[in-house]
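Structures are listed in the sections that come next.
Note that subunit A is present in both complexes that follow, paired respectively with subunit B and with subunit C.
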Partner chain A sequence: MTKFTRIAAAAALGAMVGQAAMAEGLSTPNLAYRTGPFAATGIPLMNGQADYMAMLNARDGGIGGIPIDFFECETGYSTEKGVECYEKTKSNAIVSQPWSTGITLQVLPKTNVDQIPILASGYGFSPMADGKVFHWAFNTPLSYWDGASIILKYIKEMGDLSGKKVAFLHLDHPFGKEPLPYLEMKAESEGFELLPIPVGLKEMQNQSAQWLQVRRERPDYVIMWGWGAMNAGAITEAVKTKFPMDKMLGVWWSGHDADLRLVGEDGKGYKSVSWSFPNSDAPVMADVKKLVVDAGKSQTSPEEMDGVFYSRGLVISAILAEGITVAQEHAGKPDISPADLRWGLENLNLTQARLDELGLSGMVPPFSTSCANHTGHSGGWILEWDGAKFVKASDLIMPESEAISELETAKAREYAEANAPWPVNEDCQM
Partner chain B sequence: MLNDIFIKPFIDMVEAPDFLLQVLWEGLVSGILYALIALGFVLIFRSSRIFNFAQGIMVVFAALTLVGLHAMGVPAWICVILTLGVMFLLAVTIERVVLRPLVGQPDIILFMATIGITLFLIGLGEIIFGGENKVMITEELGIPTDSVVLEPWGGLLILEQKDITAVIVAALLVVALLLFLNKTRMGRAIRALGDDHQAALSVGISLQQIWVLVWFIAGIIALVTGIAWGARAGVSFALEVIAYKALPVLMLGGLESITGAIIGGLLIGMMEKLFEIYWGQPLLGGNTETWFAFVLALIVLLFRPQGLFGERIIERV
Partner chain C sequence: MLYRTAGQFKTSYQADQALFPVRQDAVLLAIILAFAWGGLPLLASEFAFQTLLIPILIYSLAALGLNLLTGFAGQLSLGTAAFMGVGAYACYKMVTLMPWMNPVVAILLSGGFSAGVGVAFGIPSLRIKGFYLAIATLAAQFFLVWLFEKWGWLYNYNASGAIQVPNLTMFGIYVSGPQADSRVQYYVVLAVVMLMTWMCINLTRGTLGRTWKATRDMDIAAELIGINLMRSKLTAFAVSSYVVGVAGALFVFMWRGAAEPNLFDIPLSFRILFIAIIGGLGSVMGNYLGAILIVGLPVVLGTVPEALGIPISSATVEHLNVMIVGALIVFFLIIEPHGLARLWALIREKLIIWPFPH
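And now, the complex of A and B:
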């Protein structure tokens, strides 16, 4: 055996041992995107998720005494790569986090076959809220239709929507189109004119045509469903067009500190709905800082820790961790199966007292789930850019449950019929 | 319907001439930026017959280097000089490590090599600079950021000073490039290589030197493009996507023609904007910019397969 062969064999053995060691614990893959056009928004989210799990491993030895094997598969936000990652990581996984509405829609039918829950916190297909139809899919704590509803409610607080013109500036992608059914329904019932303005992937950084349309149509409000470079592109064009910032409201993925820093003071007044909020004084932040960031186990920077997206990533992992805890208690064992975790995610009860106990005070509103309600509909805050950071501009606003629930049921049924035979959860009697 | 297609758009143009001017201005700015990216492709293709897939990532890499150096406390204009140095080193490295060993290989091999360069630069850029969105050092470079507001025919025309700067700098760069290619010895050598490789080599033109030079010039163009685009919406890996906007420009203008790249860029920039505003948005729901330029280029290719300014190649067998 030559020297080179020996080194190669040792390296291969080392890698195998490493893999075996990695495979111990609860396998919770994350289909991350730290590269590509959406990396700027993906990185702080992925850092927050990874740091929370690392903190639990360091502080508590994992969850219920079993370590968490949290690892990433890079998708670059590409749907094709995301599906590959799902297939590659599903073998021992107790959950999959697809991280894009496009990937979520692709893997949704597979969940019934693979029987692995997918956790799409604050994204994905809104009717996934109907747990009777989407047995294995969760979009806690808020769906896109909830987000659109909160934005419209906030706008209504400023005056009647009837006769108004509302532009809907959105990424021309499944994510961007997701709230359209709800907005179209509301435009009809509230009597406002909805003006959808799509932005192509190649046009994200040069939205002059879209903003010329805004200038010509003179909408009363612009609702933005943007992601990645689209957010910065839109906000800079809004500033250039002199569109009043306080009339522009975005979804929670359009409320990234780094995007607003590009325009700084000029972006003052811009608003974004959010189901999470950074709280540097929360006990969980101190634990993450001490056990993960200061210990050199994190990829995050100290400035990023105060951002909206980092704290949201952290909250997403906290929701998953709580699902695992509930599942372990129910199953009576720490080494749970995907089906056990599904039960756990269906029986979340994150009351304010429980959030305080977890050290997450003020970072996410209380919510609970059930076998029929896979979202939780937690409600959200309106955040406002003050020129340097996002601050809360409203109390907690709840989405209009009744209208959304009816639409969810109808669209979920439509989906099941279009994809027949689609198994439904007949055990759920709620 | 016929009214919406053939009459109404023109009535709208006449009724709001200030808006039409704004549309044309935005199209001109986009067009000149498309032309800049296309120029990078054309220069390398002319001298080496390589379709440089890495042009887009070179824009990102140059912009990231500039912003990254400034974040380390280096003064803005020193950053520009250092970034040019980095782009020169990159050109030398690409020539030595990638191109020189592949001399004489089929074109497709060289094209694949540029895909390799793209992937390498993405990885290297992410390791060094991270994937976060960064703010372009527009003001530090002395680029004005205010707007000029005009009121033609009692209407409104907003011209961003950074767009005006981009147009002027791009125009100066193109003039300098044309002078270099037509009036200097090295420039003529690049053109000679583009015309006939074998003949150029036989009169003593150094392939290695020329390749380093054209990749360096493509690097300079990438830096200017990166500054101009980065000033609009920040510097991130999303900038790479804009390279795809140069493809229809190349199809329209011809892969070998500098004039074609410039006129093709301007034509596409202005026509796609006009079409989107007056036909795309009212009749097709918008976002026609994603495909309009390709359709326009395809129509041109039907009648002139070599593009508007490309050379017609006749091969006798």
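And now, the complex of A and C:
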């Protein structure tokens, strides 16, 4: 019976969320995944995104006086469903958020034809930063190459890199392979030995073979590019093999509280680079709590609200909302088109003052975008697991922009050539 | 009444052996084809093309390929997705190495590579049968997906490890890649699928099909009456893999636009096997019915709440969808264990003798 009541409650809750989705306004679909193998990591992100928009609707009546019709289309992280969702939602959408590297890769070539901006905050294809080639794609505020660069910079602060051995434990999937070109380049210039260790999608939960290799090769550092079940698998294996946790650094998607909570104290010292940080004292969190969570308009649980992923979802929605605000000012009307929003996302200027004004103090580093720079390269913090939660272990570290932008331009050109005819906008000023 | 066959006399062997000896069948098919070629493209939206029409056709073709092997020749295979992958990667390599190549020709040729790989993995079928063979084909599944991941040459050393379909033209019109119009892609898929289906129907009615069926029903008896089992089984693997490979090339080039190696992993094989089983093993039409049920129905169901204005969250719709489709699969298999094709055959039989049942 309890199960039944729970289902009934879920249905009722779903009904409420759905009702919000029926509202008129700016259509901003989110290709969410609350089901499927990656649901555990998806739900806090999706909740954060939805709650911020719900808060804006409740507090300010939307953005610029027009409500935000923020609704989800469920993909279950499946590329096939993702494309279905994209097709289903694109007709009057002003933005699309594909939420998986696989879906991003599918949707990316269609952006020039459909002319809808895609916002892939902190994921997708690193060369998307080159706005000259990828007019419609945005991966604010950091790309995977930036993340890899920040990790290497942090390691370098602790000692010289040359002669060291760095294992790169990654998901054997487009997402996990993303930072490889950059890491390979750096391995050559910095003189460290890069040891890529792929983890197949089927081996995510059982990484004994990979960790045996780690034990045999004795790398000085392990850089991890994991997602979903792979993170928990890697962290528990690392604890089991007694790999020094402070020598293990992950990308921002490998810094999920729930994964570390599994090992608790033993995970102490594990680090993850991040461009978002949960700040429970930020004004925006108070507003979300009062207007959305306490008002019963959210599916969020209280402990989830303090997590890294929830706040990241919130920041993503805040970036989108800021893009809409800028676009509305530029267009001079609240009811903006996808092209207007593209202008907005290209002209983001989130200074510290602006972030404070939005109530996001300390939750995301300041950054700005331009026509040629679709990422912003905000820089990031290294977060460290202290046994119970993630704390900041470093000041803001900036990525090594020069080398990265060179690589971005080269790879973006390569993409454009492979997909000819692909329009390239040369008018952009760097 | 409508399906009365009385009065349709066959005066020659040729007429008796025709593809559709019953006139109503031919008329029905003509109506469906006219609708598919003329009606649907006028009525359908971009969404319908991309999520219903094109995928149903491609999945039907893949299931048809599997059905040749499993339903007609009795060799259980769990490697369908991997053979689709071979077709897709072969097509990708061909159009990137030889950009002047006509894309449809490339798609049809890519099936050849798949056929070769299929025969290689079909060799164990000469010694092992049934579930044991299924495990051997499972090895193909694991090996090939691993190969797609590790062999950089296959994806042109792309950093992401995925293949991206370039813009390809045929007679000055884009047929694949992001610039292609859905309608054009639909016509290409429809033409290829029709051609393949027509070929398969005739193959299964001819000598080859009969040897396959004999092998399936009792291989020892078949051998005793002079059928070369090796030839029978290996041709089944070759033809099946060819059709599956073409379906794989269409899958990536005419529909998905990009593919990562794990797309061709076991879940896709199972999905195609389900389509073949629910549609009906040993039938051609069943594959279409199965694909409509497994590929089309969830998409249609997903749009129902919104169309009716029922406010349910998207995740709940997805859960309900899985439940409804699962229940329907069980329901159909209980009322007709031989699949949807058999169900249609029974309905048709009833219609023919109606209103005078025995």
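Keep this in mind: the second predicted complex is superposed on the first by the 404 of 430 C-alpha atoms of A that agree within 3 Å, B and C clash if a C-alpha of one lies under 4 Å from a C-alpha of the other, contacts with A are read in each partner's own complex, and residues count from 1 in each chain.
Simple rule for what comes next: a contact is a pair of C-beta atoms (placed from the backbone, for glycine too) under 8 Å apart; a residue touches a chain by one contact, two chains touch by 3 or more.
Values in this document were obtained by computation on a predicted structure and should not be read as measured data.
Partners subunit B and subunit C clash in the overlay (superposition on subunit A). When both complexes are overlaid on chain A, the residue A:A388 reaches neither subunit B nor subunit C.
In the superposed pair of complexes, A:M158 makes contact with neither subunit B nor subunit C. In the superposition on chain A, contact is made by A:T241 with subunit B only, not with subunit C. Of the two partner chains, subunit B is the only one touched by A:A40; subunit C is not.
When the shared chain is aligned, subunit B comes close enough to touch A:Q205, but subunit C does not. When both complexes are overlaid on chain A, the residue A:A286 reaches neither subunit B nor subunit C.
In the overlay built on the shared chain, the residue A:D172 is in contact with subunit B and with subunit C. Contacts of A:F125 after superposition: subunit C is touched, whereas subunit B is not reached. Aligning on the C-alpha atoms of chain A brings subunit C into conflict with subunit B at a single listed stretch, 131-139, out of 23-31, 59-67 or 131-139. In the superposition on chain A, the residues of subunit A contacting both subunit B and subunit C are 34-35, 172, 198, 200-202.
Subunit B makes touch with subunit A in their complex at residues 19, 22-23, 26, 29-30, 33, 122, 126, 130-133, 135, 147, 158, 160, 229, 232-234, 236-242, 244-245, 273, 276-277, 280-281, 285-287, 289-290.
Of all residues in subunit A, only 10-11, 13-19, 21-22, 32, 34-35, 71-74, 76, 79-80, 83-84, 87-88, 91, 101-102, 105-106, 109-110, 112-113, 125, 172-174, 177-178, 180-181, 198, 200-202, 411, 415, 418-421 touch subunit C in the complex they form. The part of subunit A that touches subunit B in the complex is made up of residues 34-44, 172, 196-206, 208-210, 212-213, 215-216, 228-229, 232-233, 236, 240-242, 258-259, 261-262. Put simply, subunit C touches subunit A in their complex at residues 46-47, 50-51, 96, 149, 156, 159-162, 164, 166-167, 177-179, 256-258, 260, 262-263, 265, 299, 302-303, 309-319.
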